[in-house]
Every structure is written in C-alpha cells, then in structure tokens.
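Order of writing sets the labels: A, B, C, D, E, F, G, H, I and J. Residues in every chain begin at 1.
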Amino acid sequence: MLFHVKMTVNLPHDLPADQTAEILQREKAYSQSLQSQGKWRHIWRIAGHYANISIFDVADNDELHALLSGLPLFKFMDIEVMPLLRHPSAVRDDDR
Amino acid sequence: MLFHVKMTVNLPHDLPADQTAEILQREKAYSQSLQSQGKWRHIWRIAGHYANISIFDVADNDELHALLSGLPLFKFMDIEVMPLLRHPSAVRDDDR
Amino acid sequence: MLFHVKMTVNLPHDLPADQTAEILQREKAYSQSLQSQGKWRHIWRIAGHYANISIFDVADNDELHALLSGLPLFKFMDIEVMPLLRHPSAVRDDDR
Amino acid sequence: MLFHVKMTVNLPHDLPADQTAEILQREKAYSQSLQSQGKWRHIWRIAGHYANISIFDVADNDELHALLSGLPLFKFMDIEVMPLLRHPSAVRDDDR
Amino acid sequence: MLFHVKMTVNLPHDLPADQTAEILQREKAYSQSLQSQGKWRHIWRIAGHYANISIFDVADNDELHALLSGLPLFKFMDIEVMPLLRHPSAVRDDDR
Amino acid sequence: MLFHVKMTVNLPHDLPADQTAEILQREKAYSQSLQSQGKWRHIWRIAGHYANISIFDVADNDELHALLSGLPLFKFMDIEVMPLLRHPSAVRDDDR
Amino acid sequence: MLFHVKMTVNLPHDLPADQTAEILQREKAYSQSLQSQGKWRHIWRIAGHYANISIFDVADNDELHALLSGLPLFKFMDIEVMPLLRHPSAVRDDDR
Amino acid sequence: MLFHVKMTVNLPHDLPADQTAEILQREKAYSQSLQSQGKWRHIWRIAGHYANISIFDVADNDELHALLSGLPLFKFMDIEVMPLLRHPSAVRDDDR
Amino acid sequence: MLFHVKMTVNLPHDLPADQTAEILQREKAYSQSLQSQGKWRHIWRIAGHYANISIFDVADNDELHALLSGLPLFKFMDIEVMPLLRHPSAVRDDDR
Amino acid sequence: MLFHVKMTVNLPHDLPADQTAEILQREKAYSQSLQSQGKWRHIWRIAGHYANISIFDVADNDELHALLSGLPLFKFMDIEVMPLLRHPSAVRDDDR
C-alpha cells in the first residue's frame, strides 16, 4: 500500500555541528536500509529545498507511522502524508 | 530530468455528460501514450480526491510545459510543479 | 485500517429541488449500508456546518477511494483524508 | 455532548529529556483516566504526525475546557475544537 | 451554554430581488423570535461587511445546529462556530 | 461604540513562573477594573484555547488602543480587532 | 475618527456594459460627494489592481458602515476595515 | 510617487529594556525627520496593534528601499509594500 | 524603474472560442508592442501554468498601472506587483 | 534552462555581527562569480524587503540545486523555485 510523504527538514541553526553530523549519518543509514527492504520505494530531493518527496510501500497505517516516527530527524521535520493508490490510467505494473 | 506534478481536476458540475466522457477518453489515451514513451514515469491516484501525483521525465522545462499544456483536461485542472533531482541517500538506480 | 475523513457539502444553490432530494436519498442509503457493514464506523455532524466527520475502517487505500468516490454527493463535496492508527495511550479495544 | 479535538504536540527540541519523560508519563495517566471515565471517548494517532484526533463526551463547554486546559502537555499543544452532534444518517446508537 | 458564531452572507448577485426580499424578511423574523426567547443572546453587525457576530445560548450542540441550520439564509452563509465559557476574570453575572 | 476583540495569549514556555504569576495577577486586576467601568463590556473564554473574545465599549479608536496597549499581557498577545455596530435585526436595547 | 479601508472590485465578467457603466457613474458621484464633505479623506488606486486604499473620517462605526454599505458597488466589492488613530511619532496636524 | 507601507513591529520579548528604548528613540527621530522632508507623508497607528500604516512620497523604488532599509527597527519589522497612484475619482489635489 | 509582475490568466471555460481568440490576438500584439518599446523588458512562461512572470521598466507607478490596466486580458487576470531595484551584488549593467 | 527563484533572508537577530559580515561577504562573492559565469542571469532587490528575485540559467535541476544549496546564506533563507520557459509572445532573443 502506497503513501506519498513530503519531508521538510528544519534544523535549528545553532545545533552543534557534530550532533548534526551524527543525526544525518543515522538518517542516511536508516533511509537506505528501508529502501533496500522495498518499504521506502522512492526518494527524490526537491530542487532548492532541504526537503524530499518519498513514496512508501507498507502493510498498513501502523507500519507507516512506525517507519516515519523512527526517523532520526523526525523531531526536526515537517511531514505531510497522503494515501495513494493505482491510477486507472496507469500502465506500469509497479505503479500500484 | 524529473518533475513532481500534482493535478487536481475541477470539472464544472453542469458540463454535459457526453462532452465529459469524450474529454476523459482523450485524457486517458494521452496519458498512456506518454507513459509508454517513458516521459510520464509515474502516476498515482490520491485517495478520496479527483487528483493525481505524477512524475515526469523530460528533456527540459519546455518539454514539461508542452506536455502539461497539451493535456485535454488542462483548462479544468489546478496544476502544481516542483523540480526534482536524485536524493543523495537514494539507492535505486532509476530514482534519478 | 482506520481513516479520518471530513466531508463538506457544497450544493450549487440553483440545483433543482427534486434532483437534490434524489441525490440526498441515495447518499443516505449508501452511507447507512456502509455503516451496517462496519466499513463506515463513525459519522458525526459538525455543528453549524453542512459537513461531517467520519471514521472509515477499510482493508486498504484502494477500498477507501472506492467507497469515497462512490458517494452520490462526491462531485459536490470537499473531502479531506488522514490515515489513523491506534494511539499508544488508548484504552478502548475498538479504537484500533 | 460530543466534541472533536485535534491536538498537535510541539515540544521544544531542547527540553531536557527527563522533564519531557515526566510530562509524557503524566499526560498518559491523565488521558487514560478520562478514557476510563468515558469522557475521552476516542483517541487515535494521526499517521506521520505527533498529533491525535480525539472525541470528548462532556456535560458542557465548561467541562470540555477544564479537561483540555488540565492536560499536562497543554502549553505545548496546538488545539482545534469542533462541536459535534448526531448525524441524521447515523445508524450506530453510540454515535450520538 | 454559549457559542460564538460569525455569519457572513454571500447572496448570488443575480438572485431575483423579490426572492431576496422574501428571504431577508423571514430571516429577520426568525432571528428576532430567537432573540426574544433568549437563545440568540447578542447580535452585532461588523462594520463594512454583510456579516454579523452573534452569541447563542443553547442547551447543547444539537440545539445550536438546529437553530443555525434553520436560518432562512443558511445556504447562502459562511458560518464559523466557537464554543465559549465564562472567563475566570469576568465580573458580569450574565457573561456565563 | 463597540469593538470585537479576540486575544490569544502566547507566553514563552520558559518565562519564570513568578514573573508569569505577577503579570497574570496584574492582567486580571486591569481587566476587572475596565469591566467595572463598563468599557470592557463582555469577556468569554474560548473552549480549549488560552484566548478570549471580548467586546469593548469605548469613546473612539484612540481609547480602544490605549486600553489594549495597556494590557499587562499586550506584548505576549496576538490581537484581532473588528468594529461593530447595532444590527438592524437586534431586539435587545444594550446590543448597540 | 479614522478608518483604513481597502476595496477590491470584482465585477462579474458578463455584467451588461450599460449596467456596469451606470453603476460606475453613480459610484464616482457618491465617492466625490463624500470626499467633498471631508468624510472620505483619501483615496488612492493600487497599481495593477482594480482596487483602492481609502481613509475615512467619520463620527463612529455606525457612520462608517452606513457610508460603505451605501456604495453603489458594495455588492461587488471585497472590503477590509482597520481602525486607525494618530501615531505617537506623527508630525502633521491632520494625521489625526 | 506614492507607496503604501504597512509596518508590523516584532520585538523579541527578551530584548534588554535600554537597548529597546535606544532603538525606539532613534526610530522616532528618523521618522520625524522624513516626515518633515515630506517623504513620509502619512503615518497612522493601527488600533490594537504594534503596527502602522504609512504613505511614502519618493522619487523612485530605490529611494523607497533606502528609506525603509534605513529604519532603526528594520530588522524587527514585517513590511508590506504596495505602489499607489492617483485615483480617477479623487478630488483632493494632494492625493496624487 | 523596474517592477516584477506575475500574471495568471483565468478565462471562463465557457467563453466563446472566437471571442477568446480575438482577445488573445490583441493581447499578443499589445505585449509585443510594449516589449519593442523597452517598457515590458522581460516575459517568461511559468511551466505548467497559464501564467507569466514579467519585468516592466516604466517611468513611475502611473505608467505601470496604465500599461497593466490596458491589457486586453486585464479583467481575466490575477495580477501581483512588486517594486524592484538594483541589487547591491548585481554585476550586469542592465539589471538596474 | 531558466528558473525563477525568490530568496528571502531571515538572519537570527542575535547572530554575532562579525559572523554575519563574514557570511554576507562570502555570499556576495559567490553570487558575483555565478553571475559572471552566466548561470545567475538576473538578480533584483525587492523594495522594502531583505529579499531578491533571481533568474538562473542552468543545465538541469541538479545544477540548480547544487548552486542554491551552496549559497553561504542557504540555511538562513526561505527559497521558492519556479521553472520558466520562453513565452510565445516574447520578442527579445535572450528571454529564452
């Protein structure tokens, strides 16, 4: 089941550099692990923004929330969620 | 080059049914042709809305505008565009 | 799986009375049928508004969209959707 | 008498961890006590957000305000309130 | 129990004059009847707007909705509702 | 001459408790004095919010501003002002 | 007593030309009469908009509303009102 | 050439009192000097707000920006600018 | 003197095709004439929108308004205006 | 390929003066270097704001993001991006 997620990062400008670096490193590992499992199906950077558009493929709302609230950057993010489904005009098999 | 496009359809409630059907048929053919060409890479329905989230893969802004303004439903749509790029944490090859 | 849905009805003021009555009658039957099946778990009127707050319990996003887009009033409604899940502080068994 | 309440939590990112833990523990106990009394009839988490949708069943506006302003997290929350009533199409007895 | 209600009137500019006059006459009678009963406790015009601020004193949310949805201008109004209660600093007895 | 004023209080969460208490005590005395003089004609709490709806009865805009800017909480408040007048349908003598 | 008023004109695009011309002629005469009386102290066009910024000098809120609701274009306007007063740094005598 | 400027002051609540006083004293002198030169033609306080509405009369956009960015409070202000011109219905000579 | 103008076209969907074509032909001629005169210095299409971003170079606010209100599409456009000036970091001579 | 970028600077009011000066110096050098390369084709100050309107001419979305995220002020800016293309009515050769 697919969800469209927009994440916008708002790091406090005075967060210590090493703390920032440590969070970002954990965030990247977390994201790549979920991508490898097929749960985080797409991720794109939005040009000019510290933000991304992502597509999640999860079993249900519970799993979606567990994955998002587990993000190392969760408390520094503004997150918007929209449930998606296959479009009746879609031709690609994996756009379910 | 990727663009994120959100299309929301606002058909006037008193548009004649046959005119509506004819436009929607052309819209579907137009969309599927572009999907087959690889220019309209993804399309998903947003649950509960007469709207979709799409990812376009085009040569440049000119081509994006030509494709969008050519939509049979163009004059009945509210369209939002965001330029995308590969995310530094992306692992899938085709999330470019 | 639960979804929070807010529906606001915007009937054109010049819709013929009999057409309005016929749509509303179908809408009520449709809603009550889904409530009886347990898919439309809650529905409340918002005081002072021609609007309701509803909780749907569906298998997935596809079913949610099928139910909402099948509403007789669908083309006259402004709909907002939010995926829900059990709250960690919930004590009632059926607030899943 | 029912009220729809949306609570969004905005904890300052630099609130000491033990102070946060203590507030959250009191918040949970407070919520569960009101749920057990039947005054806080429903509570759901909104997927991807540190927020909940709740339904309160209270005697009047005074009681609603007393319950909400007594929340341990009250000063860290953005709260939206809508008065609800039984919908004319409702079939469940307790959706009053 | 008190509610704060803001009503903004949006009459279609091409509504026939006699129909408009008839609705406004019924609206005035309806309002004055409720004022005399003490249910519509205050009504003020907002300077420069075809709008009013009103305070209703009703038994519960159901009665509030019944009164508002019974307004002859209901379908031509944008209505905002806020539940009120006695302020801890109030000194007037009837600001309950 | 009447004015509708909505005041929303935004106290910094880290304001020292004794400083907060002292300001609130002065605010209450200030409000009650103006109520006794008939200049602050109504004040109600908005359910679920640290906010109030007030009606002021003043000689002119100058007096309104002098009263509002003299509020001990003025620098911590978001204030919205609307000029009111007697509604043509009003029946109560003091809803002038 | 001064009020800041922003008026934005929204004439329906299919209003007959002679009806439009007649309204605009009455509007101009109405405005110029009030300007001559000193009640409509300033009026400026906003560049690029069918809108104006005006300063009214009236006895009270009642007079302001009477003047604004008497505008021939009133039903085709979006009006915003703000009460003004002399600024403590003002040096011109008539900026009261 | 006239410009409409709305300035809203947002002083940090913890700015030291003497620093605030010094800035406000400079701001007042700066404003009164420009008023005396005829460049700052009008200034009014908005009732209930720490904000003003001003009319500037400058040679061009460059001068407008130089005057505004030179305000001692510039970094603590939210500023909105609209270019104005003489209204075709204006009767006063100096409403150019 | 430069102004940034965003124009968004909202043609009624039921405007007769020949009337639309005639307006668009006049609009194009009008725009190209002003471009040739150097008053309409830049014009770009916004991808995916029936809208443009333009830079005008005019003597003053009066001329800007005369040019914009003379647009054949003026009554069908939503227009936003911002005064510009040379940026202190600009290196191109004609970015004045 | 052209992009319209609006940058609004929000420097924390308590950023040390020397740190601010150093960032601004780097920002100016960075901007002027890109202008000289033809990638940052236009930059204008918005009158009354600490903000600019810029036109970028880049190979693709990736380059746009690399240039913007490399801005020394990036973390202190609110940035809005719109893809542009040649307008069908444009007459200047370089408004591509």
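Everything that follows uses one rule, which is that a contact is a pair of C-beta atoms (placed from the backbone, for glycine too) under 8 Å apart; a residue touches a chain by one contact, two chains touch by 3 or more.
Computed from a predicted structure; not experimentally measured.
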Next item on the list: Look at the interfaces F-H and G-H and say which one is made up of more C-beta pairs in contact.
Entry: G-H
Notebook entry, point to check: How many angstrom lie between the CA centroids of subunit B and subunit H, rounded to a whole number?
Noted result: 46
Checklist line | Rounded Å distance, subunit D centre to subunit F centre (Cα mean) | finding: 27
Next item on the list: Among the residues of subunit C, pick out those that touch two or more other chains and give their numbers.
Entry: 2-3, 45, 47-48, 61, 64-65, 81-86
Notebook entry, point to check: According to the definition of touch, which chains form touching pairs?
Noted result: A-B, A-C, A-D, A-J, B-C, B-I, B-J, C-D, C-E, D-E, D-F, E-F, E-G, F-G, F-H, G-H, G-I, H-I, H-J, I-J
Note to self: Which stretch or stretches of subunit F touch subunit H in the complex?
What the structure shows: 3, 5, 12, 61, 64-65, 68-69, 75-76, 79-81
Margin query: Taking the touch rule as given, give the residues of subunit B at its contact with subunit C in the complex, in rising order.
Written below: 11, 13, 45, 47-50
Checklist line | subunit J residues touching subunit B - in the complex, by the definition given at the top | finding: 1-3, 60-62, 64-65, 81-86
Checklist line | For the subunit A and subunit B complex, residues of the former touching the latter | finding: 2, 4, 27-28, 31-32, 35-36, 41-48, 52-53, 55, 82-92, 95
